[in-house]
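Input: structures, listed below.
Heads up, the next two complexes both have chain A, just with different partners, chain B and then chain C.
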Partner chain A sequence: MEHSVTVREITKQIIKRFTFIEILQGMALTLRKMFSRAVTIQYPKERRHIAPGFRGQHALAKNQAGRAKCVGCGLCAAICPSQCIHITRAKGQVDKYEVDILRCIYCGFCVEACPYGAVVLTENYEYSDYKKENIYMKKDKLLSNWDKYMPGKKGEEYFDKFWRPLSEDFGTPPGQSVFKGKKE
Partner chain B sequence: MDINNIISPQLLDAFIKFGINVLVIILKIVVVLAIGLLHVAYATYFERKVIGHMQVRLGPMRVGPHGLLQPFADGLKLFFKEDIVPANADKVVFYIAPIIFMAASMVNLSVIPFSYGFTIADFTISPVIADINIGLLFIFAMAGMGVYGIFISGWASNSKYAFLGGLRSAAQVISYEIAMGLSLVGVMIMAGSLNLTDIVRAQEESVFGMFAIPQIVGFIIFTIAAVAETNRTPFDMPEAESELVAGYFTEYSGFRFALFFLGEYIAMIIMASMATICFLGGWTLPWYITQVVPFINYVPGIVWFLMKVYACIFFYYWIRATLPRYRYDQVMGIGWKILIPVALANILITGLVKIIMTMYGA
Partner chain C sequence: MIQKEAEKIFETRELNVNMGPQHPATHGVLRLVLDIDGETIVKVTPYVGYLHRGIEKLGESLSYFQALPLTDRMDYVSAMSNNIGYVVAVEKLFGIEAPERAKFIRTIVGEMSRISNHLLWLATHALDIGAMTVFLYCFREREWLLDLFEMICGARLTVTYPRVGGVRNDVPQEFLESLWKFTDEFPSRILEYETLIDQNRIWLQRTVDIGVISAEEAINMGMTGPTLRGSGVPYDIRKHMPYDAYDKVDFDVPIGTKGDTYDRYRCRMLELRQSNNIIRQLIEKLPPGPVMVDDPKFTLPPKDKMMPITHPTKEIAYFILEKACKGCGMCMRACPAKAITGEKKAAHKINQALCVNCANCLVTCKFKSVTVVSGGKGLSDEKLAELAVAPDQLPEDIKQAQQLLVKQFEFIKKGPKAPEGDLYVATEVPKGELGFYFVSDGSGKPFRMRLRAPSFIHAGCLPRLCVGHLVADVIAAIGTIDIVLGECDR
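Showing the complex of A and B:
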């Protein structure tokens, strides 16, 4: 019994060797693939479909009145794993809000941390430049990004669908008294 | 003044005839070179395209529609690139090497016949530049010459990668040349000639129509050896990118690199033409096809020749897209332990069959 198995094995080996059967199988595969559709996306002409909720370049959200929602609480800067958000406040205003984009890892923690939904990651991913300074995002640039990439309802929908500011789900119940700040 | 006083009419006739012959040869050279170079240009393009599609990519797409002008863009780029010579290179030899390599492969174009001769006003024009009786041997000899270019370039570059590539190439080409030569001996026995036109004629008159059928073993050996001989995947040891950067032409740039590139592709076209002429019936079709479909006879032979050559070249692309590189000892093992013994056995059997057939007058 065992003898016949080895004989069969040997014949199999010989057939494999002298008919190039495995090479022919491989060649059949490559020939089939030649007539299949190429997966290449010809970048400047064609673009990859951007999935909703894509995490691209940052923007600072504006409210209805067109002013920045950001209050400069610094939660985004605190949670940022790569420490690339720099905020300073002066005279009760957000004085500086800068994102060092070259260090950003696009984790989206800043968006998640923000209680006001004031910072977003837009769908823009084409912002390479020859100079580092042009990529370093300052406050006015971040605000203009909002107008550019999140026009109209898009920004709000983006928040509702993908980020839902924590304040919406975990806000204080309407009846409860809260400290609303000093009366002017 | 009468022209007959200066030169006799016979001599004048001879001169004119000679002049026309020279002109015809020059014209042939120009045509063959131009068409050959155009083929090389588009061989690179189609190689990239075919392999691209086999790997589910697109290949060149940007220059011209579907990248059709890519070869010219590449040529221009190579032409205007900086020509770098390594500091401690053996300069003279470094300059000569690519020329030897390219010339050795280009000169083969002169003995490849493309069709039967045709007659225009008393002049028989055979579509071969040099219709020599040792055509097959000449191609072997020139393939052997090409190794000098490779080996010298590896030596002169003063670079370890180039040197290793050159050594590997020398070893590989020499071993596979034996197998290739032996595989063609069967064809020589069957055709009884070394002249490439005669080999094609012998195939046309044979029962099978092409030698690839009775000489199937020789054909397979020749195909494998031709891939190894032209240093293409899966036997691209001399230029193994993952091991030797680019092999023997690592240190070459710009136009000198282009010469190597040109030589390699011409060698590939030559090998495809050799397979076509020696095994696939050249520009003729087997009688069992022409008799079934008679109107096929009106198609000029060169069309069949080119189609067979293109099929062979496509086959080379195809195996390049499919097979990974063999290990160096495997390459040598295949060459010496399998191909050469099988080729020798093939010669023996072919010879015996030939002797028996002539004895019984078949």
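Showing the complex of A and C:
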């Protein structure tokens, strides 16, 4: 009995060895994939969908009057782990608000630290340039980023969702996401 | 005589070859100096440190809250697991515990990170050995997971999502649904990878009996994670010292038998299935509840409660009450806009034209002499003096907002204080055991932060795995221990 098993196994191995069965299986799989839809995108022509709350280039939020919400308390500069935010104030408002983009690590702590909801991270990730000065973000550029990337309701939604913690994080808000059973 | 001549002419000696630091198969900037006799390895000397950024030292100059993004940049292919390791350690140091829901979410994202790490490992390992197609298929699934990370926190690789005392924000419903769909499909995708390489004769020739290490030796060398489990040691911190929600799920620890490269590969493939299983269990059990611990000492205060002061429509003005001001000059020094003037030991005054309403004076004043005047912006000093009331008599919501604002400033500028002492906390990251050792002197920053990085220890095992094999097997050995040099050099 034992003998026959070994014989069968040996024949199996011999068949495997000479028929290239596992390689053919792999080839069949790759051939099947040729007829399925492509998963790649042609980048500069096609863009991938960017989720809301993406941590890209900064913007300074504006209030309804169209002025910067920022008061210049300096908390964002204090929390920044890479120390890339520089602020000066003059005449009752923020004079200079500069972000050294090349130092920034996009942790999003500045958004979290700001009690005034004045700084956001937008979905802009394509800002490479040939000159260092062009990527050194100054106040007017940051304010124009707000109009460009957070128009209309988008800015408010950003603060609702990603300006944390809110008091609902310390409690149980209604409509919290839970598993709702398998979808058939 | 002739023999001596011949020996002189045909003298053989070992060849010294540099492999790396710029070598695609060394997974980063690892430099190996190989002493080879023909094609056989005689000696391997790994040199590390090309990616040293001083994360341990940087941690000493940042508060416990601030140092979190540094851990992203250690093992950048599984940043989430590293974050979790850090916050679990800091939570233990502070003596707080994250709420149930936060623990579940952290475990889910931790396992997602394990899957995405193993996928990248499989992709590059197979690519190194010569199987190109697996690389493409693995990245297809990894992309899905990275998109899910982007959905919850806005970043794909350097996530900075967990926080000390919970997580940054709750997960949306679409996230759970998309992840559930992923776990439905993923087992069939694992089968695809296995169809391609599991029985492939080239794969078997390149991995079976390569880099064999016995269980005893592996333990002695300090191996952890799947690299150790491949040798048949069922050591898994998730099982033996459960953290977060691992004690609430049911999973197996897959182990190998022989301890060769193929066994370690099988181990990781089985781990992918286990992780998938863990995620499914956790999604089903995910409880409702808070995602941040309700301990104001260790978390940022809720932003909406500060709104009575910080909302732009409130038109706040700050005013110093003459009676209460002792003239200590603290607010004058704290004011970034230089709007406060006054003589020593006389009441100070805020120049409303220069004031930017940043609340720094409110935070620094110890005598409760700075007060908030709602709707007072642009008014004259006399009018403000009429309207101003002592901080104790302000409306309840403004009083609360004022206290929280003070807390926010203190939290950010000083950081929450940790109790004195030291502790070591280990967590199971995809690579192995990631340990954080903190020495605290009672201040807001660690006195010493030491990391036990699995990649560093595994890189030290390379000579043991390579000697006696061929040069091409060095590539397989580097792949099988799954190192990331960002973590190794820190």
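Simple rule for what comes next: the second predicted complex is superposed on the first by the 151 of 184 C-alpha atoms of A that agree within 3 Å, B and C clash if a C-alpha of one lies under 4 Å from a C-alpha of the other, contacts with A are read in each partner's own complex, and residues count from 1 in each chain.
To be clear about the criterion, a residue touches a chain if its C-beta (ideal position, glycine included) is under 8 Å from a C-beta of that chain, and two chains touch if they have at least 3 such contacts.
A quick note: this is a predicted structure, and the numbers were derived from the prediction, not measured.
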Please name the chain, chain B or chain C, that touches the greater number of residues in chain A. C
Once the structures are superposed on A, label A:M150 by its partner contacts, choosing first (chain B), second (chain C), both or neither. neither
Tell me the contact category for A:C84 with respect to chain B and chain C: first, second, both or neither. neither
Mind working out whether A:Q64 is in touch with chain B, chain C, both or neither, as first, second, both or neither? second
A:C110 contacts which: chain B (first), chain C (second), both, neither? neither
On the A-aligned overlay, A:E22 touches which partner chain: chain B = first, chain C = second, or both, or neither? second
Scan A:F162 for contacts with chain B and chain C and give back first, second, both or neither. second
What is the contact status of A:S36 with respect to chain B (first) and chain C (second): first, second, both, or neither? first
Which chain A residues come up in both lists, the one for chain B and the one for chain C? 23, 26, 29-30, 39
If you look only at chain A, which of its residues touch chain C in the complex? 17, 22-23, 25-26, 29-30, 39, 50-51, 53-55, 63-64, 69, 71-75, 78-79, 81, 87, 89-94, 105-109, 112-113, 115-117, 121, 161-167, 169-173, 176-180, 182-183
What part of chain B is in contact with chain A in the complex they form? 50, 52-58, 61, 318-319, 321-323
Would you pull the chain A residues touching chain B in the complex into a rising list? 23, 26-27, 29-31, 33-40, 42
Of all residues in chain C, those that touch chain A in their complex: 62, 65-70, 72-73, 133, 140, 143, 147, 150-151, 153-155, 158, 160, 166, 168-173, 175-177, 180, 192, 195-201, 283-292, 294, 299-306, 310, 312-313, 336-337, 339, 352-360, 405, 408-409, 412-413
